[in-house]
Structures are given as C-alpha cells and as structure tokens.
Amino acid sequence: MTTKPSKTLETFPNPQPGRDYTIRIKTPEFTCLCPKTGQPDFAVMHLEYVPDQACVELKSLKLYYWSFRDEGAFHERVTNEILDDLVRATQPRFMRLTAEFLVRGGVYTTVIAEHRKDGWTAPVAVQLP
Amino acid sequence: MTTKPSKTLETFPNPQPGRDYTIRIKTPEFTCLCPKTGQPDFAVMHLEYVPDQACVELKSLKLYYWSFRDEGAFHERVTNEILDDLVRATQPRFMRLTAEFLVRGGVYTTVIAEHRKDGWTAPVAVQLP
Amino acid sequence: MTTKPSKTLETFPNPQPGRDYTIRIKTPEFTCLCPKTGQPDFAVMHLEYVPDQACVELKSLKLYYWSFRDEGAFHERVTNEILDDLVRATQPRFMRLTAEFLVRGGVYTTVIAEHRKDGWTAPVAVQLP
Amino acid sequence: MTTKPSKTLETFPNPQPGRDYTIRIKTPEFTCLCPKTGQPDFAVMHLEYVPDQACVELKSLKLYYWSFRDEGAFHERVTNEILDDLVRATQPRFMRLTAEFLVRGGVYTTVIAEHRKDGWTAPVAVQLP
Amino acid sequence: MTTKPSKTLETFPNPQPGRDYTIRIKTPEFTCLCPKTGQPDFAVMHLEYVPDQACVELKSLKLYYWSFRDEGAFHERVTNEILDDLVRATQPRFMRLTAEFLVRGGVYTTVIAEHRKDGWTAPVAVQLP
Amino acid sequence: MTTKPSKTLETFPNPQPGRDYTIRIKTPEFTCLCPKTGQPDFAVMHLEYVPDQACVELKSLKLYYWSFRDEGAFHERVTNEILDDLVRATQPRFMRLTAEFLVRGGVYTTVIAEHRKDGWTAPVAVQLP
Amino acid sequence: MTTKPSKTLETFPNPQPGRDYTIRIKTPEFTCLCPKTGQPDFAVMHLEYVPDQACVELKSLKLYYWSFRDEGAFHERVTNEILDDLVRATQPRFMRLTAEFLVRGGVYTTVIAEHRKDGWTAPVAVQLP
Amino acid sequence: MTTKPSKTLETFPNPQPGRDYTIRIKTPEFTCLCPKTGQPDFAVMHLEYVPDQACVELKSLKLYYWSFRDEGAFHERVTNEILDDLVRATQPRFMRLTAEFLVRGGVYTTVIAEHRKDGWTAPVAVQLP
Amino acid sequence: MTTKPSKTLETFPNPQPGRDYTIRIKTPEFTCLCPKTGQPDFAVMHLEYVPDQACVELKSLKLYYWSFRDEGAFHERVTNEILDDLVRATQPRFMRLTAEFLVRGGVYTTVIAEHRKDGWTAPVAVQLP
Amino acid sequence: MTTKPSKTLETFPNPQPGRDYTIRIKTPEFTCLCPKTGQPDFAVMHLEYVPDQACVELKSLKLYYWSFRDEGAFHERVTNEILDDLVRATQPRFMRLTAEFLVRGGVYTTVIAEHRKDGWTAPVAVQLP
C-alpha cells in the first residue's frame, strides 16, 4: 500500500455540532526546507480546534503535513499558511496552530497563530479547583 | 468472583449537595476498536465533575468503560457519547471528559467535551498565590 | 514520648490578621478504611487556606488526620467532613482541601472541596509575567 | 483495510547476521483478561533481542499481541509463553521480554524472562565513560 | 465482600520453573507504627525475586502487608522480618526487599535486604547496549 | 574577606522606573530555629516584585536572610515579617514572598504573603497563546 | 565564514500582518560581564512578541546578543535595554523579554519586562479546556 | 549559502590519538522513507565512538544523514549501513550507533549496532562512587 | 521539649547481623560555615552502609549533623571527618558518605568517601534484568 | 573586588590522602570561540577525580575556565587540553573530564577524556543493592 503527500485536506461531518468541544492533534514529524540554505527544518505541530460542521480527517492531515517535505518555508509564513489551509477546509469555530521548531543556530523558535469564526465566542471557561 | 462489562451506570447520593465541589477520576485503561480497520484503540479517560444529587459509582464506571472493548468507535463521537451517558446518569452541575488517545499513525489525538447544567454557574474561582 | 490520634484541632492566633495571605500544608500520610470492603485506603492531603483570626496547629492537624486510621470513610464524604471540621476549628476567610487518593481498582480519584467565609472576597490576583 | 488478530509471527531475514546487534521494540498496548475475575488486564511490552538469522516483523508482532485480547492469562505464565513463541519463531541469539502490567489492587507487577541460544555468549560489553 | 489482614502468605506453582526469571511487585501502601512514639510510619515496598517452585499470590501479599498496620516495627527489623517470611513461604532462588520509608524527622530511610538460595547462582547477566 | 549577617537591606535606584516589570529572586538557603524545640528549620525563599524607585541589592538580601540563622521563628510569622522588612526597604509597587519550608513531622508547609502599594494596579496581563 | 557581534538588529516584513500571532525565541547562550567584579554572567533569554509590520531576523538577533559578551551589565538594566532595542527595531504590537540568569552567590535571579504598543489590546484569550 | 546532502563523510586528524577517549554526537533530525509504504520515517541518531587517527567532521556528518531523506530504508538495515559507512570513514577503535525511531503503528523501535577494531580492548572502566 | 546539637553518635544493636544488608539515610538539611568567608554552606548528606553489630540511631545522627552548624568546614575535609566519626561509632562492614553541596560561585561540588572493614568483601551482586 | 581570568591552577593539600575518594565539580558556565566561524561556543564542564596529594582550588578552577572565553577551541582538542592542564596541576590518582557542549547546527556533542596515574588501580567497586 503506497500513499503520497497531498495538499488536499479531507474532512468528515462533526458528530456533535450541538456542542463546543475541543480536538487536539499533535504531530511530531513535520519537516520542510529552509529557503535560505536549502537545509531541512523540523517541527512538532500542535493543532487544537473547536469544530463547527466538519472535522479534519487524521490521515489526510498527515499527508498534508508531508506535502511540505520538499518545499522551502519560513517559520512565520508556513505556520500562518497551514492555519489558513486548515481553516479553509474545516471552517472551525476556533483553531490554533502551534509550530514548535527544532533548534537552529542555537535558537529555539515557536510560532502560534489562531483563527476565530466571526460571531463565535468561547463558552465561559469553568476552572475547577 | 466474575464481573461483566455493562452499559448501566450506577450512582449514589451526593453526600454534600449543599456545596459545589469537584470529583476527578482518571482511568488509564480504556480500549475500543477502530471502525475503519477493526484494530484496537487505547485511551486514558479523565473525568471531572461537580455533582448535583448523584455521584457516579466507581466500579460501575469501570464496567461501563469496559463495555466499549468490543465496539467500534471514532474518537470524536465516542467521547461525546460517553459524556452524554454520564450526564444522563448523574445529572451533574458540570462535567468534563478528556479522552487522551494513544498515538495512531504518528499522531496524538485528545478530545475534550463538557456539559453544564442549565442555570448553574461556577463559583467565582479563588486563585491563591 | 507517646502521642495519640485525636479529633481535636488546636489553633494559634494568626500573627498577621491584617493581611490576606496563604498557608499550604501537604500531608502525604492519610489513611482510612473502605466502608465496603474494610480494606485500607490511602491519600495525600493538600490543605490551603487564608487564615482569619486562627491558624491550625501542625501537630494537632497530624493527630487529627491520624484519627481516621481505623474509621470507614467514603472518598467524597470524608473530604467534605474534614473540610467542615477544619472550617469549624479555624473559621478561615477561605479554605480548600484536595484529597488525592491512591489508585483503587485501576482508577485514580481526587476530591476537592472549598469553603469561603460570608462576605469575604479574594484580593484581586496579581499575575506577574 | 481490515486486519485481524493472529497467533502467527512472521519474520524476515536478518540484514546483518555477521554482527551481534540489538533490536528493542516497545508496545504500550497489550491487553488480556484476568483468568480469576474475567476483567481486562493491561501491560506495556518491552521486547529486546539479538537476532540470528531472522527478525520479527513488526506488524505481525502487533497482531500477535492483539491475539491475547480475549484470552485469560496470568501475569507470570503469559510472559513466559510469549517469550517462548517469539523464540520459536525467530531463534534469536538472545531475547528478553519485560511485561510491565498496570496496577491491580494497588500493586504494580512486572515480569521479565530471557532466552539465550545454546553456545552463544554476549560480546564483551564496552562501557564508555 | 469483606477481607481481613493476615499473616498467611499463599503461593501458587511457578508456571515456568525451568527458567530463571524475575518478578517485581511494588506496593506503595505499607504502614505500621513506630515502637517509640506509637505514631504511624509509611513505606513503599519493592519486592523482586527469582521464583523456584512457588510464586507469592498477590492478594495474599497485600493482606500480609496489611497485617502490620497495628504493629510496632523498627525500620531495619521489619524489613528483615518480612523478607524472612517471604523466603519461608516461597523458597525462592533469589529475593530482594527494598523498604523505602517516608520522611521522619527530616530524614529519609531505605532498608534493602536480600536472600540467595544455597547453591544458586545468578545467570550471567547480558547487558545489551 | 569575611562577611557577616545583617538586618540592613541595601537598595539601588531602579534603572527603569517608567515601566512596571518583574524581578524574581530565589534563595534556596534560608535557615532559622524552631521556637518550640530549638531545632533548625530550612526553607527556600521565592521573592518576586515590581520595583518602584528602589531595587533590593542581592548581596545585602543574602546577608539579611542569613541574619535569621540563630533566631527562633514560626513559619507564618517570619514570612510576614520578612515581607514587611523588604517592603519598608524598597517601597515596591507590588511584592510577593513565598516561603517553602522543608518537611517537618511528615508535613510540608508553604506560606505566601503579598503587599500592594496604595493606588497601584497591575498592568492588564497579556496571555499570549 | 567569519561572523561578528553587532548591535544592529535586522528585520524582515511580517508575512501575516493581518493577524495577531505569537513568535517565541529562546536563546540559552547569553553572556555579559558583572560590572562590579568583572566576572562573566550567563543567562537564558526568552523573547516572545506579537509582530506588527516587522519580525526580527534570527541570525541578527544572535549577533546582537553576542555583542554583550564583553560589556558590563547589571541584570535589571540590561534586560530593560535589550527590550528597548528590540522594540525600537521591530515596533511590535506586544513584546516580553524574560532574562533568566544563572545562579550568582547562591541566588537565582530572573527579570521580565514587557512593552505594549499604544492603542493595541490583546485579542480575547480563548482558553480551551 | 546553499548546502547539499552528501554521502561523503569528511574527517579531521584526532588531536589526541595517544588517549582512548569518547565522543558522543546526538542528531535528532534523521528522516528517511519506509520502503513498504513510501511514508517518511523519523529517528534520533546517537553516535558514540573512541577515535583512532580520525574524527568525523560534524557538518559532513549532518549532510551525510541528510542524504537519506529521499531513500527507502528498513530500520535494521539502515542502522547497520550507517555504522559501516562511519567505520569505513573513520576507522575508530570503537563505535556504537543507536537509532531511536519515532513510533510507527503504536510500536517504538530502537536499533543499536557496534563495531570494535581488531585487537583493541576498552580501558578498564573506572566506576567512581 | 528542647534538643541540642551533639557530637555523640548513638547506636543500637543490628537486629539482623547474620545478613549483609543496606541502610540508606538521606538528610537534606546539613549546614556549616565556609572557613574562608564565614558564610553558610549547605549540603544534602547521603549515608549508605552495611551494618555489622551496630546501627546508627536516626535522631542522634540528626543532632550530630546539627553540631556542624556553627563550625567552619572545608568540603573535602568535613566529608572525610564525618565518615570517620560514623565509622568509629558503628564499625560498619561498609559505609559510603556522599556530601552534595549547594552551588557556590556558580560551581556544584560533591564529595564521596567510603570505608570498608578489613576482611569484609561485598556479597556477589545479583543484577536482575 | 575585581578578578581576572588566569591559566594558573592553584591547589591545596589533600586533607585525606590515605583514602581514595571522589570529588565532583560541575561548572555550567564554560564558553570559548569556534575557530572556524569565530562564534561563541558554550559547554557544561563536569570534572570528577580521585585526588592524590593535591586538590584543585575552586576559585582558581573557575578563573582557569574563564581564560578560554576569548580563545578559539575545537571541542575534541580543548577537552583533552583542559584535562592535561588539570592533571599537570594536581597529579591525581584518577581524573575524568566531561565537556557537554550546547547544540551547534542541530547536533549535540559531548567529549569525555580520562587520566589514570601509573600504577594506580581503582578500589574494588562496592555496588550496594
């Protein structure tokens, strides 16, 4: 069974659209290329979102991340672009992407971007003791 | 002494209904089947709630989780369903279920769903320094 | 020097009643008996409070916890009862008791109960960066 | 694509039989049934071995572990049986199986069994500072 | 179902007496009384052994530890006594008991005692890299 | 070069009084005497503050903590007294002292006291994702 | 290829100025000299900011930190100065610098300073459960 | 400055060939392709060796690891091949390669291979207490 | 009840002199004075020994450590002296003292000294897998 | 009080030359320059030794490490050179230096070198259980 990288993000219907709930997906295997030097960069991707009508399908998410393997990508730009692609595909109520890059030149960089659907407000957070 | 899995959730009367307080129950031994591949999935279940008139009985909770051992279940759907069952059985003031699934295809997924009773608001949180 | 378990909670005058401040006392050595099976249960007790006129004396707190060694006690009930006893003895501005029970039947249970004095509000929390 | 549990352990030829080297395979998802109570038991399986002519194929190892899901199995016996099956299938120079069971009745049990091929002795261990 | 503490250690036949293998059993819930002050002491008990013809039954081990709950016991003496009782009951090839007591007077004490059967020597240890 | 304990807290001018910023100073080497038994007590001192016109000089802070080495001091009282001394010396916009005492009688105690200057309010906290 | 320390902070255009997002950059290799004793001081620098039109270029940030290697610098002053330089170069919506100095005289010091652009307010924080 | 992946391992003369000493090099950024599915695999590479006349140059080692980015490679085979390449290039007295692969199918695999020069024996290890 | 520091180390008879076993005693509260500067030094003391006819009494050990509170003591010398005192008092088969001093001048120092009784050899160590 | 870097390593007489014992000194603040790029390198230095007639004086060790601040130094060479200097100054029975460099180019390097005095053999190591 051979699979291939793909820019297509597949979704499935949210099984519980009547409730605001959270889905967290951690992928420690993101890699792309540094546009300046051509050398590989690596990151751990943390996605968390409140779905609306659609959830992102896990395997397609993995193939989507894979599609960056041979692309040049700056840290700040690629984080925002991936978030935009995921928002376009799933139209979530809320989505946050945290891209935690492995050390480069002795420096550790993390980029975090969020999207909130127009008109949606988070349920009042209950902080249990 | 033989016990069996069961969909019945037993409860006992809340010994202190006059106070909003928190009960946390962690169960690291949840397993079900992947509806697509038929292979086993595993999760750690974190339940936390503010009881109203009823508390969930621990042994019955364990047998209830056990009842999913031979069932196919998608991550997002099963988390919401378990929360619904627990809400139906205990009618809590507040309940949150965090289902932390073990890695699948290099991807770590966690689903968190909450229920709040109509008209209930959380006590103002006191954050001691 | 022999000491004995005791239900009496001794106090001493709060040395600084003009200020709302926090006292935290962790006791990893609480044990009681399960009312159903008679078997020992164990817990770590986390007490935190803002004293008013009285502070709980540490040695008497230890003897008080000891007094549960031969008593049957359900998790939810005993946490609320101990909080009630401590509130009665010290009349604090705020008090929280976290009872973190050791695993039973593969399940980890924690119960957290709070008391707030009538009319007292917590100082505005300062969250330094 | 549906897969099924299986008692068959598949192997592939050791790509470097001229060298004694180590393969470690950790599987956190073993579950079987307690023969006394019928309740599920869970374990993390740690396999480490020095292959001779054959290596165990990972997917078949996973299906093999899965085959215990509906079987009753005592901790000590099942650890020795799995080791025996793996030795029979791969005829390794050395093999060790560590079965780390999740807590039962407040007690944590681990069973470790080893097999050494007749006439094989481990290379002198080099302990670098 | 009520159970009681007991000095009787039950055993079952070693399912694999033809092999030297290791069984580790950790029990974090040991408590006895200090013979000087009468106050409770607490310990985590780590038992590890190579069985010969008999294995110690887990539930009976738990009831045996429970039997010290109301007994006065010095750290050094009780560790040696428990080892002696376990050796008498199971006649193991090798046994080690590590009693890790909780802090007393600002001091952390651990006592470790071992028994080796006459004529038994440990298999040559294989230290995989 | 011999130095001595001292109750004098020296300060230096805040280099940036135009900005509310935080200074954190952890000192793991505080010791005093228990007023009841005469035995030594130990604590880790965590000081955090927003300076106004003066900052506390580090060496003088160390000598100040040292001055408690031969003094009897109850946990609750000494924490409040040290805070009062530090407030008197530096007149900060905000100051918090956390005294984390080492275990005594199996019990872990921490005392936390705060001071806020009249009329000062904390800047709105920015919680970056 | 030889590089040199430099006080110049280079920037590049923010690829997504339409969104408030976070960039975190940790540099564990800051060193300067203590103005009193001339001895080296070391710190881990944590920078986090919400860019406006410009992002700080990583290599130039590293050379900028390097420029302090032979300069005398007090903890409180240098943290504020670096923040001021970074604000001047990037004009961010929000910026926080945490300078975590290695232990000096048994004392651990951390200084945290923030800058907020006039008129900018942080997006309402969404705290997912 | 653009760099490229390369199979060439460059070396430099061992600055201290008169002494057996250890060099450890950890590289968390190895990636190759699974020959069965074509999907990316990831590993952390731990190299440790006692050099003889040559040491491996760090940058060339990095480019060498990079050269596997588009190659299919089985875990066991690639670990042995990389060790063989490194031995050929540096002719070390001793070398060990530990390839710690990220989870695949819920299974964690590590492969460890060693090479010892003919006639070389490790210095007697000094184990300081 | 007032206690005092004391140079006298009290012992009690070894309850099991027929067996070589280990006693470990950790004391995180040692303090003395630096002979050069007069400033306090702090250490965590780790004592481990195989008793012969006598065991050291815990409370007297604590008072003995306390006796260094006002004494000047170099790290290397005081570790050896304490070991000598403990050996003189208990005549153990084997004893090791590890003095782990808190950081001074950015430097962490640990001193470890051992004593072995003439003619005593350690039992062959059994290393269970 | 101004101090300066220095290549001179001062010693003091070993207070207990009749015993083989261990001294460990960790210094997390070593920095030098990369001879290729001129950029700063950083390392944590772990020194451990069995003294003969002389011990290294801590402050002079710190000034010695400081002397590398403006020197170019390759990882492998500088570790061996520092060990040689320390051996020359103290003539120890045994000495080991572990230089743990901070990440460079995504690669973590550690170099460990040892010296053993002619004719000295380590005492038989006692491994307590």
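We call the chains A, B, C, D, E, F, G, H, I and J, going by the order they appear; numbering starts again at 1 in every chain.
Here, a contact is a pair of C-beta atoms (placed from the backbone, for glycine too) under 8 Å apart; a residue touches a chain by one contact, two chains touch by 3 or more.
Bear in mind that the values here come from a model prediction, so they are computed numbers and not experimental data.
Fewest steps needed to get from chain A to chain J, stepping only to touching chains, is 1. The set of chains in contact with chain G as well as chain H comprises A, B, I, J. Set against one another, B-F and A-B show the most C-beta pairs in contact at A-B.
The angle of the rotation superposing chain B on chain E, based on CA atoms and rounded to the nearest 5, is 180 degrees. Both copies, chain G and chain J, contribute mostly matching positions to the interface they share, with over half of the numbers common to the two.
Ranked by distance of CA centroids from chain A, the top chain is I.
The contact pattern of F-G recurs in A-B, the pair among B-F, A-B or A-J where over half of the contact pairs coincide by residue number.
A separation of 46 Å divides the Cα centre of chain E from that of chain F.
Between the CA-based centres of chain E and chain J the separation comes to 44 Å, rounded to the whole angstrom.
One simple way to say how far apart two chains are is to compare their mean CA positions; for chain I and chain J this gives 27 Å. The multi-chain contact residues of chain C, meaning those touching 2 or more other chains, are 1, 22, 24, 28-29, 96, 102, 104-106, 112, 114, 126, 128-129. Every pair of chains in contact is given here: A-B, A-C, A-F, A-G, A-H, A-J, B-C, B-D, B-F, B-G, B-H, C-D, C-E, C-F, C-G, D-E, D-H, D-I, D-J, E-F, E-H, E-I, E-J, F-G, F-I, G-I, G-J, H-I, H-J, I-J.
Interface residues of chain H, counted against chain A in their complex, comprise 1-4, 28-29, 31, 36-40, 42, 66, 69, 102. Contact residues of chain H toward chain D in the complex are 22, 24, 48, 50, 74, 76-77, 79-80, 94, 96, 104-116, 121-122, 125-126. In the complex of the two chains, the chain J residues touching chain I come out as 14-16, 19, 21-29, 51, 55, 58-59, 61-62, 123-124, 126-129. Here chain I touches chain D in the complex through residues 128-129, going by the rule given at the top.
Those residues of chain D that touch chain C in the shared complex are 102-106.
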